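For reference, the structures are reproduced in the following blocks.
Both complexes below contain chain A, partnered by chain B and then by chain C.
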Partner chain A sequence: MSTYWKANQRRLAPWLFLAPGLLMFAIYVIIPIFQSMWISFYDWDGLGEKVWIGTANYAEMTSDPNMVTSFKNNIIWLVLYLLAVPAGLFIAIFLNQTVSGIRIYKSLFFFPFVISQVVVGLIFSWFYAPNFGLLYLVIEKLTGTGIAVLADPDLATYGIIAAGLWPQIAYVMILYLTGLNNVAPDQVEAARLDGAKGWRMLWYVILPQLRPATFIAVVVTVIGALRSFDLVSIMTEGGPFGSSNVLSYYMYEKALSEYGYRMGYGAAIAVVLFGIMMIFISGFIWKMWRDETER
Partner chain B sequence: MVHKLAGALALGAALMLSTSAMAQDKRVVKYNADYDPIPLAGMEALIADFEAANPDIDIQLNNFDHEGYKTAIRNFLTTDPPDLANWYAGNRMAPFVSAGLFMDVSDVWADNGLDEALSSAAASMTQDGKKWGVPYTYYQWGIYYNRDAYKAAGVELPGEAGVTWDQFVANCEKFKAAGIDCITTGSKALWPVAGIFDYLSLRTNGYEWHMDLTAGKVAWTDDKTKAVFAEFAKIQPYVTANHAAIDWQDAAALLVQGKAAHYVMGNFAVGNFKEGGMTDENLGFMIFPEITPGLPRAEEAPTDTIHVTAGAKNPDDAKKFLAFVASADAQTKYNAAVNQLPTNKNSTVGEDPFLKAGFASLSNAYALAQFFDRDAPAEMAKAGMEGFQQFLVQPDQLDAILERLDQVRGQVYK
Partner chain C sequence: MFPRPIQHRSQTAQWVYAIALPLALILWLFPLLGVAITSVRPASDLAAGNYFGIPSYLAWENYGDVFRNTPMLQYIKNSFIVTIPTVIGSVALSLMTGFALAVYKFRANLLIFFMFVAGNFVPFQILMVPVRDMTLSLGMYNTYWGLALFHIAFQTGFCTLFMRNFIKALPFELIEAARVEGVAEWRIFWFIVLPLMRPAIAALSVLIFTFIWNDFFWATVLTTSPEAQPITAGLSSLNGQWVAAWHLVSAGSILAALPPVAMFFLMQKHFIAGLTLGAVK
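Then we have the complex of A and B:
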């Protein structure tokens, strides 16, 4: 035993140190993933007997209009949420200057990210609220009839995304601000001597140096768009009539909400969402792995 | 929600510690409930009476947040059941009864003559021929209206017998001309629209048909269902436009401010109306108008109930408490405190004019419905209420909505 230990100490030690973390990760992440997949083949209300129904949950999904709406909304979320990246870059560049009191402005711009998502949702709900919301009253003044964004099935999703962009832009901004600190001044200097300025300077000199920040910004924004649960829950609960649902909220609604308790169907939605996330996550991991092995 | 729940649990644990320290030799009955502050005070008074009469029993009330309770009950019933738990009558209790989580309390009903005293609620407590709990309070639904809004729009006030349906729709036109929403509702949480639909359904096709619909025996694409929506279409243009973005309390504010004239609501909303400054002078109540002439009048009266759990450690004392809560005196006292109606027919009703109107409305009603989301299974209820909300926003989508609902019906009732 001890000779084996002595011979393999260096090989075993890392695994021993990793063991507690791996164990937790297996219990709380890996095993539940497979359990969800398993449950998605059952019809189960969480209390009674599980009934094996094979892929019926997945078949139902294809003809479930709420599922289609949620899926469509997830794509809208993904596309529009990525606006946070250029918007954050713009604000970061704007704030990356030495004026007296710039630290205060930077913190003010970062402020929305510090507020809890729940509070952001509430603030925007009141902003949109019919009869007393600021946006509603302004539109009413300008056009004569107010628009209750969250009551309109065509606008509700965009209203929620706008609320989500507010803190997300702040987050991306702070990522770029730290990135801008690391931009090599000598390269900027050299580019300037060569006559580069404005857009060309940004595109060919600054942005390439910001690539790590851009990568992280895209990752957090994509993941943020896919797990957009809290804002939907606070602002509309998926309504009006499911028109602002997204997969993560629809999963909760089917599995755990007051009118749900279809664990199998909820699990099936979770599996689909997991599949979509895996596409992006594998892409990110593949890129990181490639970058690391290239060096 | 989780935090609230954790808070409630911690608070409950603290309460238990403090009471059990004093009452070590008493027999303990654990009671999980979801009372808001006023009902909580009412129930605590009842428990004090019960403990005074039964000094050897200690009822430990563990109160949860009202919304969090709906999730919590599934967890505690399966893992750590108390002796007593609050819930609702009708289809809402069916999953727990079917899963064997509630105890059959038919003996409590038989021993205390409850079949007679609680006859109006007996049907909604029965499943598989047995009784699964005891109702302790209910309340009427109806149309609450603002008399000042009537004056502002120059519309004649409804008389003792209410108004006819045609008159009601005609009045809506006048309210619209005066810039007042004829009917208000706040459907963000969906359920308020179900109240309107339930009444239209009960008045158009009657109680039996409505029960068949919620039981999945009638197709949503049936001509009779379309007849209900034809009536719905008559009032659709007069419902508050942005109802989908507001809660029921916000809609109550519209009624209080005179921006809306009518509100199809439960009697619990009277508290909100009066807090907003309305008085018995300008707040009116009427029974939902008759639509199909000669149909026996059915009303909505959601009933709250207490159940003994299947895993109760002290079922004998729990049943004793159940019998006490069902008694005429206890129900008189509790319902006077919370301004609702007792389910025991031998109880007396409070002096409040809206309670009296409700009692009159319910006591000679032909039958009582629980409410759409208690009569229909959960998934059907959710889809149905979304459908009603969508109909109010997009009435031209009616056929698509009904197709969808019938598809859900095919999946829910097997």
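Then we have the complex of A and C:
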């Protein structure tokens, strides 16, 4: 044993170090992905016998109006959520000064990201609440009639996205603040001597140097937009009339909540969401892979 | 430095900045300030329509009511009992996986690394049905361990990415030198690499603490009753019972937000270092 170990230590060691983590990750993450795909071909209430129904769950989806709404809302989420990137950059530029107390300002601006999305959802529900919510009262003052954002099928999704943007902008801001901190000062000075300033300086000198920060900001924002569950659940539960549903919440609703336990159909929705996210994930991985192998 | 330091601009610009800064902050945190004030507003004010004025007195009893009339204390306890083992477990596992992936060259290395990275991005919903089913059949549904074990496994993905990149940035000569001396691989891990990992361990611990404390999805999927529900799920179910009792909802929200906020302020440097890993090259 000991001679074999001595001879092969370097070859075996990585696998021994990997074993516990890899095992846990396989059991709880990798294998369930394939199990979900498998379950999506069954009709199953979570307890009784599974009944194989082939692609019937997927066929049902194509004529499910809630599926269409959820899908549409996911796209709205994705597009509007990306506003967090320029907004975060803007705030980061605004805060990138060295006046006294700026450190405290930076941490307080970051605050919304630290608190739970459940709390963010409650805060914004209160902000939007009909009759006494602050936004409702302000709109009532200005136009004569208040708007109950979360009770309006046309507005609910936008109201939730606005709540989601609040912590997301804070996150992007901190990424860009770190990035700005590391911008090469000599390049900025050189560009300044050449007469670059304002927008041109930002576009041609600063942004190229911020590319790693932008990459991470886009990754976390896209993933965050497609993962949106907490806020929808807390603020509207997908309502009114399913108008603010997204795939991640609709799946949960189908599989576990009031519609009864339709695990197979829920799994099929999850597979669709997974497919959409895999498009983005593969893009990110491809870029990281290239960076990694180039080095 | 970009933008140009404000000190190099006109006196007026400096004044405008000095005023704009606190104003922007108040606007930014307005919803939060509103909730903080509502949490100490007496119920009688709300009944009388005083929603935004100065509270007629500071009603700390709202917090007392929350603790007396709801399982809030239990929820907070549950959150700690789930969060702390998760932090320890995922940091411990990822120290090893990160070490393996950063130090050794073998064929599947990058493949395994990117599997961890990709797994960390998948939607939770694709895991929900099988993980819930497995937790049920292991008899761990609605228990601390059912929730913590899943979190440990899932967070290992992100933590591995973090640890691996951190170890990769350490001077490799240290390990080379030790190998020449004939030091065993596990001793290299334990005595050479581990002591250098303190900043990474601190950064990851605060991040994972915050992520898990704030988790809501798995809390609703894997727990159902106050015996095991963490505070996020608890707050959500209380919200259903407290229709229009906004002073209580606010007090509960503030309580749920406090531990991660305290963690952030105490460990700010580590927190931001962890979050912005990779944002600079």
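Please note the rule applied: the second predicted complex is superposed on the first by the 285 of 295 C-alpha atoms of A that agree within 3 Å, B and C clash if a C-alpha of one lies under 4 Å from a C-alpha of the other, contacts with A are read in each partner's own complex, and residues count from 1 in each chain.
By our rule, contacts are C-beta pairs under 8 Å (C-beta built on N, C-alpha and C of every residue); 3 or more make two chains touch, one makes a residue touch a chain.
As the structure is a computational prediction, the values presented were derived from the model and not from experiment.
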| item | value |
| --- | --- |
| In the superposition, chain B vs chain C on chain A residues touched | C |
| Chain B versus chain C as contact partner of A:Ile174, first or second or both or neither | second |
| Chain B versus chain C as contact partner of A:Pro240, first or second or both or neither | first |
| First (chain B), second (chain C), both or neither touched by A:Ser63 | first |
| First (chain B), second (chain C), both or neither touched by A:Leu256 | both |
| First, second, both or neither for A:Gly46, with chain B first and chain C second | both |
| Overlap of the chain B and chain C footprints on chain A, listed as residue numbers | 46, 129, 256 |
| Residue ranges of chain C touching chain A (in the complex, touch as defined) | 1-7, 17-18, 21, 24-25, 28-32, 34-35, 38, 49, 51-52, 93-94, 96-97, 99-101, 103-104, 106, 109-110, 112, 114-119, 121-134, 149-150, 152-154, 156-157, 160, 184-186, 189, 210, 213-214, 216-217, 220-221, 232, 235-236, 239, 246, 249-250, 253, 256-257, 260-261, 263-265, 268, 272, 275-276, 278-281 |
| Interfacial residue positions of chain A with respect to chain B in the complex | 45-48, 60, 63, 65, 128-131, 148-153, 236-237, 239-242, 253, 256, 258-262 |
| Partner chain A, residues of chain B touching it in the complex | 67, 70-71, 74, 78, 95-96, 98-99, 101, 187-190, 241-246, 250, 254, 373, 378-379, 381-382, 386-387, 389-390, 393-394, 404, 407, 411 |
| Residue numbers on chain A that touch chain C, as the complex places them | 9-11, 13-15, 17-18, 20-22, 24-25, 27-33, 35-36, 39, 46, 93-94, 96-99, 105, 107-112, 114-119, 122-124, 126-127, 129, 132, 134, 137, 166, 171, 174-176, 178-183, 185, 188, 192, 197, 201-202, 205-206, 212-213, 216, 219, 223, 226-227, 229-230, 233-234, 247-248, 251-252, 255-256, 263, 266-267, 269-271, 273-274, 277, 281, 284-285, 288-289, 292-293 |
